[in-house]
Structures are given as C-alpha cells and as structure tokens.
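Mind looking over this structure? Questions follow.
Labels for the chains are A, B, C and D, by order of writing; each one numbers its residues from 1.
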C-alpha cells in the first residue's frame, strides 16, 4: 500500500460524514450577523454578570458553571485581577500539590523548600515529590544561576547591503546614547549588549537586558521601543521599516538561539545520589538508570529535540502556574540538558536550563493565590528572582531523577494507572 | 575585550557576594535532618490542614495565603481533585477572560464560539479578542483536523545489529496480535501504526494511536505497556532491556519529529481578510502586514525556531489552562507554521499546527471550573475533541493576526504599556 | 562594552579601507559591456583551447595552469566527460590515499576492502587508516543497510484548505495509476510510498523510491515529473501551481526530515574493540574514550547539531570524490549518530547514517579515474550499491574511532602538525 | 496495514537472500589473518607501485585503472602531494567547467570573474552559468564579508559546578596571557574572543580566531592547543580532563551554532533582476519566481532545514574542489538564507551564508591543478581570501536564481534529462 493508512482513513472518515456540496458550504465564510462582547478592561460585578448572561444564552453553560468560575475570588473585589486580564469572567482553579522539603545548596537559593505545583495531571506531584525526597536524602541539590539576559530583537529594513553596514556603524558609534535611552524607561532593566545580525538589507539588533527581579518581558519591550525610536530619530541611514520584534528573540517559543546563548536566566543544578539512595528511595539501581539514560539520550537525538531531557515542561508548567509566572513561557523554558553519569558507585545527575523565565515581582505574582504560592516558597518580592530560578531548575532535576528511575525500573505505567484511578 | 562582558560581570557579582570558602561550604551537600511531608493521595480537610500547619511554620506564608488557596473550591469536598493531584493544599486561581464570538466554519467545529482564556498576562485576551473580531468580520475561519495520532515510543535494547533485524522481523510477523493486545486495554484507543526506528542494537517502536475524545497520553502509555509485555513474553530474540518510552515520542517537548509527522491532532485554519477589515479592525494595511511577515519569517529561520509563528504558546497555554488540558503540553504544541500572503488586495492568513494535545474528556476536563470552561465553548464530553482542536488552532490564528498587525502598525509596545498599567 | 568586539573591528576595518562615496560606487551595479563564454555541451579540443585563450587573457592564469588542468585525461578524448559537465576546461586532480584492508562482515558488503579516499587535507587518510586497522584487528565491522528511499517532493498549490482535502482524496484513489506512470519512466526506480503533507492550501507529496544501484536523484526527478503531469492532467480539483520540488526532500542539504525518516540509504555499522586493541592500535584506553564520548555528545546537543558525530563529512567527501559520487550530497549525508559504550572491558562503537547517497552505476562512476576508484573497491556496476553504502558507513566508523581516540589521548593536534609539515 | 510497507519489504528481501544461520555467521567478527598496507607519508614512485601491486592482486582493478589514477600528475614528482595526503596511489580527476564572466561589485571581490566548478553532475555548470549571465546582465552582484571567525572549542571537565565557576573566573582573569600564548603559535591567527559555555561541571571555551588568508582549521587547532596547555599548567582549579575539541565548534558539520553566530566567513550577496532579465535570461516571470519562493520557504520549514536555501551545496562543493578547499566543509558551509522579494516590477535576490570556509593560501590551494583553479579566478595567495569568500557566495546566488527559475518555469526536469543524455 503506497499511501499511509492514516491518510486513507482520514479521507474515508470525512467522506463518511459529508457529501462534497454540504461540506463546501460548511467551510465557506458566512456573513451572518454577530455582536461581539464589549471589551472590558476594568472588571466590575456588573461586567461579569453581563458576560455570563451572554455566555449562558449562547452555550450549554449553566449556573453551576458560573458558580465554579466565580468561586476563586472575593465577589466584592473582582478588580484585583485588573492589569492582569481583560474581559474577565472568573477564574479557573487549578489544584496545587506540594513537594518537599527540597534541600537546595545554591548560589542564590539556600535552604529546604516546599514547592507548590499546580497541575491537573495525576502522578505528576507524586513523581516530583519522590525525586525531591531522594535529592534531599542525598544532601540536597547544588545550584547556580550562570547567566541572565532577556532578549528583545527589533528588526530594521534598510535599502541595501551597504546601508546595513552603514547602519551597524551608526549603532556602534552611538551605543552609549542608546544604552542611556533604553535604561531611562526602567528602574531595573539594564542593557547588557546589542548584537547586530545582518541578513543583507535587514538588520536584527539582539538586545539583551538584565531585568532585576522581574521576568521582564514587558520591561525589555518598553526599553527597546525607546532605543528604536532614538535610532529612527537620529540615524542618517534611511530606514524603510522597523519592527519592535523581528521574531528573532525566541519569545514564547523554543529556538536554538535560546539553547545556545540563553534567554531569561540560565541555571545549572546537580546532585550525586548514592547507590543506597537510588535503591531505597527510587527502587532501582544506578546501573539501570544509566542504561536507560543512554537510550533516552539517543532518542532525543533521533527525534530532533533541542537539547536532551525528559519532562522539564511538567515541572515548569506546574511551578509557573502556581507562582504567577507566564505559563506560555513553558514553550521556551522547557529546553536544556539532563545528564546522568556514574561517579564510582554513585549517580551524578544534573540539569542545565538556559531559558528560565521567572520573576519574584510583576506579572501574576501579586494575585492572591499566586502570591500565596510564592510565600510558601518564601520567594516573593525583591531580591528573590535568582533564587526562584534556581528552585525551578532544582525542581526539574527532581522530576528528571524520578521519571528516569520509574522508566528504568518499569514502574512508569503502573504509577500513572494507579494515581489516575480515582477519577 | 576578549571575554564577553556578561561573563565578566557575572563572575564579579558572585565574587562581590562571597568569599571562596563560605561559598564552597554553601554549595556542599548537607546532612541536616529533615522530615518529608507525608504523601497524600486522598485529600481530606485534615490533610489540607496538616500541610498548611507545616507550611506556615516553615515559610513566610500566612493565613491570608492559606485562605487564598482555599477559596477556589468547596471546603467540604476537597476530594473533587482526587485523581488529578497528590499532596493537595488548595488551588491557584487563574483569571479567565473571554473572546468572541469567534466564527468557525470547520470540518468539526462549526458556529460562533466564546473562547475562555486563562492567563495572568495583560493584553493577551485583548489582543486575541481583536483578532477574533477581525476573523469573524471576514466571515469566519475555515478549519480542518488533518491528522490524529498520539505517539508512545518504547525502546528495546538487543544484543546486536543482526538481532535488531530479527526483532523487527518478529514485530512485522506479529503485528496483528500486538494490535489486538494493545487495544484490549482501552475502549477508545486504536493503534494506527508501528514504525520501527533502528540505531544499531537499539530499536524504537514508534506506536501511533487515535485516542477518541481524550488527549490520550495515559491511554497510549497503558496500551503500549501491554504491547511491550506481549513482545517480551513471546519474542524469541533476546531482549537486554526495554523501556516504555525511549524519549523519542516528543511527549512534553518540542521536536522535529512532531513538526514533520505530527503528534496529537494536526489542524489547519485559515481566513482571508479584506483590506477593509485589516484597516478598520486592525488599524494597519495588508501591505504593512505582509512586509512584516517577510521579516518575521526571516527571524524564525535565523534564530533556529521549529516552524515559523509568532506566539502560539500564548493562545494554547490560556486555552489549555481554562479547559483542563495538560498545560505542560504547550511545550510540544506551540509549534507550526503561520502564513500570510496576498490574495489580490486581501490578506490570506493561515496556521497549521501539527501537535495539538487536547481532549474533551479525561485529564482535568471534569474539574468544576475547567468543566465550566468547556461548557462555555459547548465542547465538553464525547464527540467534541476534534472540534476543540479546531477551536485551538482558530484561536491561535486570531492571535497571529492581531500580533502581526500590532507590530506592523507599531502599536505593540503601547498596547502592553496601557493594559498592564493598572497593576 | 555593549557591542561585541568583532563587530566594532569589522566596521573599523572597512572604514580604514574605504571612504563612503567610493564604497557606494564600488557596490553599485555596473552596466559595462561583457561577453559571456559560449556554453559548450560537447567538448572538443577546440572548445577547450578557446576557453583557455579567454581565461589567460582575463586572469593571471598561465600555460602552467592550463597544463595542470589538462594533465588528468587523454587530450584526444576530452569527450569522455560529456554528459557529466558543461563548459569543460580540464580536470582538477585530487590526490587519493588508500586505507585498508578494512574487514566488513555485512549484510551486503563482505570481505576485506581497500578504500580510496580523495582529499587534500593532511592527516585524514592516516587517521582513517588507523581506525580501519583497529577495526579489522577486532574482527571487522558488522554492517547492514536498513532502509532505502530517495525522496522527491513536488508541491501543489490549491485554492483552499478544502481543496487540499479533495486533492489528497484524489491521490488516494488514484495511487495505483500514479505508481504505474512514475515507474514507466525508469527501469530501476520503484515508487515505495507517497505521503501527503498538508499546510492549508499547499500539499507536498513526499514520494519515496528505491533506485536500484544508482544514487538516483535524476531518476526520481524524472519519475516524479511524470507522476505530477498525470495528476495535473486528470485531477478534477483545480491546481493553481505545481512544482517538481517543494524544497522539502532535503536534496543537497541537512534536514531533520532526513535524520528522522532517512533519505537515500540508511546504514548501521558497528564493532566491539577489546581493551587490548584500543591500547595497542589507538594508544589510549577504553575508559578515556568513553569519558570523551560523553563530553562530545554534550557538545553536539549544546551547539545544535543534527544527530551526534565527529566528522562523517571527512570520510564521506573523500569516498564520494574518489568514486564518482555527487560531492554536494555530503551536505545531506554527513548526519547521524555515533555511539561508544562499554561492553565489559571492551568498547562498543557504532555509527548509524540515515542519508547515504551513493550509486555503483550512473553519475560520475563511469569516468576513468572514478571508475578506477570503484574497481579498487571491487564495487563497480550492478548489484553493488548496497555494499558501497555499507562501505561508506564502515569507513566513517573508522574515522570516528580514530578521532575520538586521538582527542581522548591528546594526540589530535600533534598528528595534524606533523602530517601537514611537509607543505 | 500497521507496519509501513518499506519495513515489510526490507525484512522480506533479507529473508529471501539469507537463512538465519549463514547470516549470523556472515555478520560475526572474523579472525582471519590480514596484512595492512604500510603507511606512507613520503610518496615515491616505488611506494605507488607497491600499493598498486597489492590493489591489483586483491581487487578487480586493472592496469587501465592504475593508468587512470596516475594520469593526473607528473610521474617524476609524485612528492608534490606530500603534506596533503598519506598512502598516495594517484589522483582522481574531477572535470571542471567554467562559468562567467560573473560580475561582482563587492567590498572585497570586484570585477568580472570566471569561476571554475569541479563536478560530475550534468546540468550543474550550465545552471550556474545561466544564473551568472542573468546576474551580470543585471549589473552584477553586490557582496560583503560581514564577519570572520573560525572556532575551536576545547572542553574542560571540572570537579563540580562551583569549580566551573572558579575556572571561568580564572579564564576571565588570565585572558590576556592566553591570547598572547595562542597567538604565539601563528603568524596570521588572532584570537577574537573566548566565550565560556557551562554545563554544570563541564566548560566549553568557544575560541574564535581570524585566520588571515587561510581557511585556518589547523591554525586554530594549534593555537588553541597552546592556550589549553597554558590553562592546564597554570590554573589552580583541578581539571579532571580536557579535550582540544568538545564537538561544539561545528567543524565539518551543520549546526545551529554556526547558523546563529557564524563560523569561518559570513558573506551576504544580492542582486536585483529586472523583469526583462528574468524573462529573457531565465525564461520565466518575476511573479512565478516569487510564487515558487513562497512554497520553497514553506518546504524548508516543514522539513526541518537549517535556514532556507535551494542548493548551496552544489556551488560550494564544485568551487571548493576546483580551488583546493576542504570539500568536507561543504557539510557546514551549505547553510544559510536565500531571499527573493519583489522590488516594484523587479526581483530582489540575496543569499546570506554564515559559514564559508575558504582560504587563498594553505590546504590544497598549492597543488598544481587547484592552484590553476585559483589563478583562473585571480585569487591565489595573500590578501585574497575575503574576495574568494565573496565569490563563493555570489556563485551560490547564481545557482539559487537559476534553480528557482527552472522550477518555477517547469524546466527543471527537462534540463537534467537533456544534459545528462550523452552518458
């Protein structure tokens, strides 16, 4: 059979459901009237009520659904979410489980942490908790933030290759002014470097900033906007177009730029587990974990992953949601390297994660339950972001240890079956 | 200066804070005593209370924090979350905004949808709402689910290259039995194909399943586990090791395997916007959007992204969280292609997303507020997953349209500044 | 310093050489007259003479240069190169070194081979020869061709997403006729599969062929062209454009499609070296090679390579040139996986290469010295291509063994210094 | 059918040829005696004769084969190849075609060039010649070398994450001495930067050099070796292992590091073709080329290529072989971006290639026929490497223009059929 089965089946399944003519009609644009829900920036009880009236008339949603979405906050102060959301209708309440204590012996994080993880996936918290227990039993995880630098990368379209050169020359000669201008927009952001990347008549400026204790995506946008406007005002090389972001920075998506140079905060975390800890806490052996590690590394290469790791995304998504980070950044953060190597009879385990995007201030960190998440960690407010990034990496290391042990031991399926059973 | 500045600064900042000896001590393993929070599968009011007592003694968390995390559900029935979480301490309440009506003329989704989006990032909902308005004004978005197939890829380690060949031969000869066995574990999962990938003595079996209306990650794990156990029982080629997952499937991570072959549900969505819609609804011109599109595509290549798109992750994370999907899957789902092309004076816009992981049953879809999210869409329960996947793609298309328009028009920074101002 | 040094220096170096105005003039288009060398398909002594007269008048080339380029063939029969080149002016004579005997215990290749390698890089042949000695000493290399399939991937632009579906349906329903039509153009090519890849209104058809003993790139082009023309003639879905190649097949370039699914011939090769062989033949230890292997694997991930290997390109380029293969295919072939693992005290080494593009007939294999290269291997003519692909992989394995040993032992630099010294 | 056809067929074809037992025997190591050809560094007529005696006894090679390999050089001076090859048995004579004049208006290259291309693939030279004609007719190609920097990236394995930090600190504090030491080994190489990349206890030092007019791979190896030995001698942080290359530099392989940061010389080249030139010289229209360009760009994304281009490898391999460059570097050089965009009625075309590895001195540039290749270009010797890199990019641009035109016009298959017909 020359055509893959799944193609044949998909064609058949559509054919079974639709004649051609009705299908064509179904997929055409329709000019039926519609009225859009009025955009709301400043939430009130009235605006919420109005939305729900509409939603309940247009969909199977019921009073119970409305009640469920309104249960997560004080009805008198829905405006607590202003500045974080528009067209607010309530909250979705994501269950939080706790792991720990997770001992971290880090450059920035130091102590025994209880890590809140928000997820709806059975077995996730249990698995990370097991990893945390093993790591803490082994004396804790060493961590270090190695680099920080959030990128914004505006693009400038010039008239020619030569003009690109002249434009870069102008940037080189005016970089000090540009730095002052960009930093004038922010108390915390500092411009670390501007690296021009030229593709003939298009120049991307890779602008890297440190962002204090904020994740900093908006901060660097605003700073870079100012920098760009100064260029446009002053530079004598004609600029055909400019864009605040040339889709180069890796914002909200995995990229090799991020893997190679880092974006956000880069953290490495490691622990050496004795054979005893592996056997007692993880129910397998160092040798079995190493044997699986070799195969898992091969799988990462052969399937074209960026870096090699098992499931950073699980730990990151759960921690990001629980602490008011931007969950969409999981797309760029869930990348890096997990290593497992023998050290005598023991097992060395490390993760290095070049793109952790977290803040201990700003974003969703000030919302009531998210703020609670940070307080449980003791990492809310100024001076805590580096430690939070180290906690994120250490947490992911726990997850890597636990899943590798589970797969090596043949426990993975059973754990998922049993913990999801109550549903 | 031969060493990059940021390296020099990072070294200096550590040096400023620490002498070597205290730093060495700080980063060493510590054998201080610790007691781990007892794992809890079945939540009770007592188990929650016990956790909080511990957390409040060990961290700056207060009664207010506890109250914030306990506000999102009925204190009498904390067990509603059993089967979705372990070590439960409460919920984090993520604000939900609504966009729409979003008109979809799809193979599976059809009608005007109100899409709930859970996020803490200002401007996100407003931006997607604007895109939805433009798309609906243009007659709506055509969508089609093109493919479905969740992968699990167990790995088998054999004794030699020759044994790999013999093993593959055995699989070929016994595939019908394997199919029956794997499907015996599930009412909905169907094995579509097994593709062996050989690297010398290691064979990965890329097993693809349709999963009915579930996202299906656990379903395919259990089905594949049964399949593997049958192989191990019956195959006469000696198997040194086997693993339920060879880190090949792309589960929870971006991979080129996923981009090329798809994982989960692959959906394409498109709309053609007239120049009038672009100007009135988006405040820019077709020509300007196309000019930026060219630069954005270049940026995606030069920074080593997988596919080319602006911010699928924003739409996906917000929709996944609001409807009880696995937010960690954003890491694999936020990948694909956005195209913008001229059609006469109009603008053709499409997204094709090969890795959407959603279900209308299972996972977190049954939890109260997540269930409400699905009900608002009218997409809860059996027979709705394909439509939900199409809604996900259509929503992402709205986000792409809006951000490209904003960047092309120079509005991007301003929108973020003004909507985040209330904080 | 906010701007990288190298940018500053490059700007300065241009500035030092040029004032702006002369530089602008220098880089502008020029409408000076020119006369092009007349294209020549059928070489004669006269056509060669005419070219050289022109070249010597326009460039510093001398009679000695002409003589050097005319030395590589019989002046009376320059037409021997017709059908392989146009505008022929002579040959460039690439020195060939020999390695071996290289013992191969393969599915297709079997025996002791002398492998000709054409290169101008000192140390390359010596290094591969050392690897071949070690491998043969260890009893030889096991090889197997695991897969074959050269891809051509035409693209069809349709009117809409729905039409893409209808187009795919037509392909599914007419695949048997398409197969017959495409195979009617070739004695050896067989169409294995057509896989449609849909991006909204664009459909790529990934057509895979076995190509007998030819590398087969032209064969699959011609076969696919016939297939496309039948589609265009018969298919009732309107086709806006079609292209023989949608830049999807990975022809002449590295791609993850090639890494994941293979293109050309996929071969795996392995050998287990005893500790004694490693020490005596390679001057290092199993332990040291494994320690380096771990670091080298890490480097491949962190720098964003496709797969993980050291220098397949060296072996492939040298073998391809020496045997009349298409040297440009090195770009796609030099990809895959090298593994080194302990087996007790011994060292297991393997390569798996998914994209070897070689033929024992066709292309440059019939030219006098290239034909000699194949004859030295005993692999010229029909029935030999699979063995030749296995020789290619085995040769690359020798190179991997030798370079890893050299770097592990700290010999790498010294070897290059001493062997390049005579120049 | 659940198993792909090609797997089933491959299994069957092996089964048809072999019973299990003979196949097992066939693939086992064999301890038959063998004698290796004695390694020869300094070629003599006697050493050549000895090799051929052996080859003719062990293989079907004949006197005619020997004569063909000995035809490419003066039998009296086989030592001309010493320092470029070991175990020399003759030359393989690759036919060279010429294209041009190719007008280049570049920062470094300037004038009308005749470009020698060595290949055995029919249609290649004709296609590039056509592109060169169109580009020259349009006034020539603007080029600029934008960056240069050959990387060597040694790896150091330390005892811990903390020691990695201490090691980096030592490098920062001693970088001036390291620069002096590395540059002491070379007249031309200059160390531009050292960038440490840390993965927990492993530190890669990405060392970038300018290499004068040499391609410079050996030069940077020797310079980096000196640098490493100084580190090992003086640094007080314990170093467990060090390696001259951590498989990070992208030497001889495609990598995203190379795409993002460049390796070797980065060149951009562009030309704007009038609609008249497109129609008369290329037989198609601007509109048709742009329409295909859009699809080709989509194909590059969907198949996971690095950058987006059609066939840089063809031009590079042919030019590298004809001018004595390292043909294996095609693997890393054949990467970058081709753009085609409308400029009014005209067609803007550019290539930007970040990894061109060429020298006008060193390597194979001094061999007789390769030296002739450079002389035909007028680019042999000191001060010419930057121009040569620009010629390489301009040549590739010609190839891109021609192939895009051919595919857009539907001529591609026919051209290959007719030009390969004489064989």
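In the analysis below, contacts are C-beta pairs under 8 Å (C-beta built on N, C-alpha and C of every residue); 3 or more make two chains touch, one makes a residue touch a chain.
All values derive from a computational prediction rather than experimental measurement.
Novice: Going by the contact rule set out at the top, which chains touch both subunit B and subunit C?
Specialist: Chains that touch both subunit B and subunit C, as defined above, are A, D.
Novice: Just how many steps, at minimum, does a route from subunit B to subunit D need if it may pass only between touching chains?
Specialist: 1
Novice: For the homomeric pair subunit A and subunit D, should the interface be classed as same or different, according to whether the shared residue numbers exceed half of all numbers used?
Specialist: same
Novice: Report the inter-chain centroid distance for subunit C and subunit D in whole angstrom, where each centroid is the mean of the CA atoms.
Specialist: Chain centres of subunit C and subunit D, defined by C-alpha means, are spaced 11 Å apart.
Novice: List the centre-to-centre spacing of subunit A and subunit D in whole Å, with centres computed as mean CA coordinates.
Specialist: 37
Novice: Please compute the C-alpha centroid of subunit A, do the same for subunit C, then give the distance between them in whole Å.
Specialist: 39
Novice: Residues touching two or more other chains, restricted to subunit A: which are they?
Specialist: Those would be 2, 4-5, 14, 23, 27, 107, 142, 144, 146, 160-162, 165, 192-193, 199, 256-257, 259-260, 297-298, 300, 302-304, 306, 308, 337, 339.
Novice: For a test of understanding, state which residues of subunit D touch subunit A in their complex under the given definition.
Specialist: Residues in contact with subunit A: 1-2, 4-5, 107, 142-144, 146, 160-162, 164-165, 198-201, 256-257, 259-261, 268-270, 304, 337, 339, 350, 352.
Novice: Within their complex, state which residues of subunit D touch subunit B.
Specialist: Interface residues on the subunit D side: 2-4, 7-8, 11, 14-15, 20, 23-24, 27, 160-162, 165-166, 168-169, 171-172, 175-176, 179, 191-196, 256, 259-260, 294, 297-298, 300-304, 306-308, 337, 339, 341.
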